[in-house]
Amino acid sequence: MTRYPDPKQVGGDFYSRNFAKNARPDTLILNLGPQHPSTHGVLRVLLELDGEYILRAEPVFGYLHRMHEKMGETKAWGQFMPNMGRVDYGHPLSWNWAYCGAVEKLAGIEVPERAEVIRVITHEMNRLTSHLLWWGAYILDLGAFTPIMYAFDDREHLLDLLQRPTASRLTYSYFRFGGVSKDLDEKFVEGTKAFIARFRQRLPMYKDLVTDNIILRKRVEDIGIIDQDMVTRYGATGPVARGAGLAYDLRVSEPFGVYDRFDFKVPTQTTCCSMGRYLVRMEEMEQSCRIIEQALEQLPGAEGPHLVKGAPKPQAKMPAGEAYFAVEGGRGKVGVYVVSDGSKIPYRVKLRAPGFSNLSCFAEACQGMLLADAVAVLGSLDLIIPEIDR
Amino acid sequence: MSAVKDIFQSVKDLWSLFVGLRVTGKYFMQPTLTVHYPRETVDEDVEQTYGGHVELVPKPKNPLKPKCIGCMMCVTNCPSGCLTVVKAKAPKPTPEEEQAMKEAEARGEKVKKPKAPKEPAKFMYDYSLCSLCGTCIENCPVGSLRYSNNIYFVGTSRKEFKLDLLQRLQRQAENTAKAAPEASEPEQAAETAKSEA
Amino acid sequence: MAAPHQAVEEVGTLHKTAGTVEPALVQIQLVDKILNVCRAMSIWPMTFGLACCAIEMMSTGMARFDLARFGAEVFRPSPRQADLMIVAGTVNKKMAPAIVRLYEQMPAPKYVLAMGNCAISGGPFNFKGDYNLVKGIDTLIPVDVYVPGCPPRPEGLLEGLFTLQQQITGRRWWPVPALKEEG
Amino acid sequence: MSIHPQLLHLIIALIAVMAWVGLNALVLVYFERKGAGFIQRRPGPFEVGPQGIIQPLVDGIKLMCKQLVMPTGADPVLFWTAPLLSMTPVLLLFLVLPYGPWLTGMQIDLGILLILAFAGINVLALLIAGWSSNNKYGLLGAARAVAQSVAYEIPLLLAVLAVAFTTGTLDFVKITEGQGPWPWQWNMVYQPLAFIIFIISAVGECNRAPFDLPEAESELTAGFHTEFSSMGFGLFFMAEYSYMVVVASVASTLFLGGYQGPFGSDGWWWYLPKVYAILMFMIWIRWTYPRVTFVQLLNINWKWLLPLGTVNLLATAFFMKLF
Amino acid sequence: MSPLTMYQLVALLLLCLGLFGIAQRRSLVGMLISVELMLNGAGLSIVAASQLTEADAVLGQLGTLLVMGLAAAEATLALSIIVVVAKRFGTTKTREVSTLKD
Amino acid sequence: MELMAKIAFWIYALIILGGGIVAVGSSSLVRALMGLISTLVGVAGMYMLLGTPFMAFMQLLIYVGAVAVLIFFAVMLTDAHGRGDESEPAPIRQHLFALGAVMAVGGVLSWLIMNRPPASSLVPAEVSIEQLGHGLLESYFLAFELISVVLLVAMSGAVLLAWEKRGKK
Amino acid sequence: MVFSWLHLAIVLFLLGGLLFGVGPLLLAVLLGPQAKGGDLGMPFECGMRPHGSSWVKWGISYYCYALIFLAFDVDVLYLFPVATAYGSTEGWLPFVKVFIFLFVLGISIVYFWAKGVFSWPRRIKL
């Protein structure tokens, strides 16, 4: 009877063997992921465990590398657009915007007034869907099954609305160089107003059910400390930075589009822990609602074009040069850098994904932590894997 | 003092558990939100705004023929290369015509060669590569493409997703004709097709 | 260097699954029919999302569409307890061995549903010059049902489930919605 | 040869308990899924049978015709012992539970001890399951399961003891009869603290959410039964649900007056609603709260339940002498 | 043979098995298991004697009960010692432990 | 019923013997532990036969529910693969030595038992749990208190031993 | 030797329970189709090949602390016989005895609490 497992089967792979080189002899090397309910897709984290305590962690990625940047170099400017909706399926419109913004900057395209406001509205609605998705999935990681159902209920309303102009539920390819592909209709505006009113009533319920719950608070408070020092060292952005007390929000600090017209707060927390990041996101949802409300009011009449006249065709050539454009996505700073050699195919497209920097903090933040807490920290970073792997 | 505070805090913390129970209890009583899919479908409104795979728009006069003029704009612009359009060739002249043409040539007259009709002979579409981006739809000069409403599409083999859009158009037209046999006027048929789609 | 007895998992080489399914020891036709109906009505998927399509898979499980109605809401994280592997998303060459392994680790009877264009053929990522894409998961493991779309609507996934049930039992159990027939 | 009436009684009881355990697993699974559904505003199982009523049965049959897999390198004997060990004592636990004045398998004066003794075997089963499957998640889950069960057993015992002190017996029937039919005559009123402690630690003992650490999905995939497929998993599942019923039954016997009904209408019709009320409560909290961490779990136990239980027991002893 | 003798023989069997185990096992845990066997034998013998003779049955049972308690106490201590030893020396082989100095 | 008791006795004796042999002989410590557990269960059965269900339940509660689990953890902590350090065969001499010693002790004792049977009754005494309780509260209350102290001391000793380790980490 | 009804009942029910478990397992063996080949037998670890056996010596000592309290558990068990007798005793002496017993228990709780055994660290320093 062999009770020693076949070494062929338990030899691990390249990564784990490398990881195990520095391991203590009495520890357990554990793969968390790629198929694991709490890594949201296919992140793989190698853990060195002493009992339940994590001595070391090392994220391994590339399990969802989709060659986005390479693809950018093979497709015409406009043809690359659809892929922007797939880099980060949580908040695709921010990537839409970042890419469009970069190309518009490169080619000097003016965006009509109405399109700008439409962009803000849809972008913020998309942020809401992104945060709701995160919220539900995060609480699911923490072991409560019901909140995600409520979150998706709200999310479905948003998706129904966003589907009207975009014809899609998730992987939007809505923005165009010089505007957006389809105008908003009356129903959308009405529906959005109704939704905001409804959502305002739902937020206190979320707070009652989850935010105030003592079990949850005890679980996420004081774990996964990512302070300002770490934030700056790793270049983390978005709610992770704001949870560390850094009021860095591109919508305010480097306003893009017409964000400077709206009055909203940049929520920050100084606790630096998972709860801080959680609260920042919850607060951001309220602020998004405010922005949408204001934008709906400012929406120029239907006569305004939603796409600039003579907007470039997908195969159009772009002037040589380079441009960088960054927007504030649901996870942080989404940046696109494009280089053109004057042909109809980009010379280089570089994507700056916020998730990558945020995830980098994880290895340091989770040292010495319980396995269960590590899951809570991982969730609080709000990772979307394709964006990290690109 | 701090002990009192602690106790007070603990009570408050415990209370939060009851608040949670109240929330879920309340929702337990409320009706469900589910759309019982195969028996009922989501609002028409939602269903119609969702883009299924791409399909051809028939000519208003002739529901059997697409509006398409075979300009290939959609093919060149599609990022995923899922469209294949073969332009219609000029109809092969019949022997008599050929004869006539030859004669005419011999006569030194300007030959009136039959022109290729502006329509596709074949319009193939590989749905399994499509990203539903809408580029083809936007760039079609005559508006011959649109999102279909075939949104509940599944298959048991990869081949099923290589669609012949022309055939599909014809099938649709037939279906419409069957559905509305009294509407023999082509315009009317086209209209019904449009509204149903 | 890995010790010689340690099999190195080569990165980037794809292996077709070596797993096979053999019939049960005891087979009685009538019993089998009943069992097949039970299997079809209780398909437990594996918690396994790859990319964007996984979000729609989640949506399908949520209140609006409620996969639970058909007994398929029991998402099991361990392949040992799962019947159905929903490949929802892009499969690349690094991930492929894991998917094949997970498939092999599932006990029979097991089914695979390819959800989304990526899983069917590589979808939008199937471009000239791709270097890391598995062009269709059916090149590696046997797929029973394909649900196209990018991403498919949740109803699409439900339809996929119905089709799978149809394949197992030989009949469709639920009414066909109007739009589906138009096809 | 005539069968001894006592033997006949036992055999009937055995068959009844078997039916009850089987039926109960189905009913409880159905309730759980429906309850979860309604809390989440969806119907839950719906299409398989009217209102999805035969869904659990279908699931059970499906589990029964799935392949049994054992990982290579696992310890084969222990691997298959574990689910059996988990299931075997379950029926016995129902032997002493008084479902009605005459609906008791056997009335013995050590009823509580019998349940405690044989329920303890489950811990061992989980440990063996996790260990023998040669899976790291399984091992972690097993370690968690045992540490948790051990920890929560102490307050549980203390709560039970408080009742045993007041009633002076370990016989379920006598404990039932020591209470009256009306709610204010129940032990719950005299021992509210013990009741609360009992419920909390019972949830902990059953590995139910929010204390479902051993099978915490988002951390340990499936915990100690990660490697168990088909009926191996099914048996653990069934055992878990049966233990739920057992603790709920014990709770309603000890604290809620058991089968007693007003005006002499004693019977299972009073008992079952109480049991199911407790079970529904357990389902309710499962679908409301997030999971606690291991640290919290132990803190709740050592810093709250244990001291409170001890004090409660002391107070009970004191007041018994006082009055 | 009277029933009592039979019980005593079983108890003796347990004792002998335990003894043999202690002599032959070379790891602390193995020895602990053997000790438990012996304790069980003792318990069985006491209970049998008190139940089947005129001796005070209550005393017999309580005595065994206490033995069980002691066994638990002993196991607790032994476990922690084993843990410490294992951590310290990396082995629980008695021979190695006795020759190894920290 | 008498016959049933006889059969049961022999079955339990066999379980004890088999379990015991596995417990001392198995090279896998986990298997040995399983042997121990079956022995414990067998002894519990014997207690049942002796008319003391209380002892039987206590046996299960304390030994199977507590001690066995503890030992399982000890195995996992020290030799997680369960092979113990018994993997290499013991020198034959040691075996023989142990066997001889045990045979000697066993022989003498069994001779004593067989030849000096004390007066015994066929029917075991009936003791109710209440009597035991009174015993603990009255005649033997010191033991009752002592066991509590002993367990406490053992536990604190154990914790102290292990505690230092955690502090150091 | 007696073979009580209780004994019989226990044996009967245990056997019943065993049957209850074995039956479905056997059915599963007979009725289940068999998947073979590939990595079917590889221990599951999120789709990756596990690194090393799970039966290596590793720091599970974390759980050990919880287990040590088994002694506590055993301690409490002694109160069961007492519980049945307590009600029928006269005078305050039994209370004092129980009190001492529980007091010792209480002392250990206080002692361990003060020692910090009950405060499990949220994270360890490395």
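List of remarks:
As written, the chain order gives the labels A, B, C, D, E, F and G, with residue 1 at the start of each chain.
By definition in this document, contacts are C-beta pairs under 8 Å (C-beta built on N, C-alpha and C of every residue); 3 or more make two chains touch, one makes a residue touch a chain.
No experiment lies behind these values; they were computed from the predicted model shown.
Following the contact convention of this document, A, C, F is the list of chains adjacent to both subunit D and subunit G. Note on connectivity: the fewest chain-to-chain touch steps from subunit C to subunit G number 1. The chain pair C-D and the chain pair B-D differ in C-beta contact count, and the higher one is C-D.
Separating the centre of subunit A from that of subunit D, both taken as means of CA atoms, is a distance of 43 Å. Computed centre separation for the pair subunit B/subunit E is 79 angstrom, with centres defined by C-alpha atoms.
Annotation: 27 Å between the Cα-based centres of subunit A and subunit C. Among the residues of subunit G, those in touch with two or more other chains are 1, 6, 8, 10, 29, 31-35, 39-50, 53-58, 60-61, 63-64, 67-75, 77-78, 80, 83-86, 88, 94, 98, 105, 112, 122, 124-125. Subunit B has residues 17, 20, 23-24, 27, 32-34, 36, 50, 79-80, 131-132 in contact with two or more other chains.
Within subunit A, the positions touching two or more other chains are listed as 3-5, 9-13, 17, 28, 30, 34-37, 49, 51-52, 75, 82-83, 86, 146, 149-150, 153, 169, 171, 209-210, 213, 215, 370, 373. Only residues 75-76, 78-83, 85-86, 146, 150, 153, 160, 163-164, 167-169, 171, 173, 181, 187, 205, 208-210, 212-215, 217, 313-315 of subunit A touch subunit B when the two sit together in their complex.
Taken together, the subunit G residues at the contact with subunit F in this complex read 1-4, 6-8, 10-11, 53-58, 60-61, 63-65, 67-75, 77-78, 80-86, 88-89, 94, 97-98, 100-101, 104-105, 107-108, 111-112, 115, 117, 124-125.
Taken in their complex, subunit C has these residues touching subunit D: 24, 34-35, 37-39, 41-42, 47, 62-64, 66, 68-71, 73-74, 76-78, 80-81, 83, 105, 107-109, 173-174.
Of all the residues in subunit G, the ones that touch subunit E in their complex are 1, 57, 61, 64, 67-68, 70-71, 74-75, 78.
Those residues of subunit D that touch subunit B in the shared complex are 35, 37-43, 46, 284-285, 287-289.
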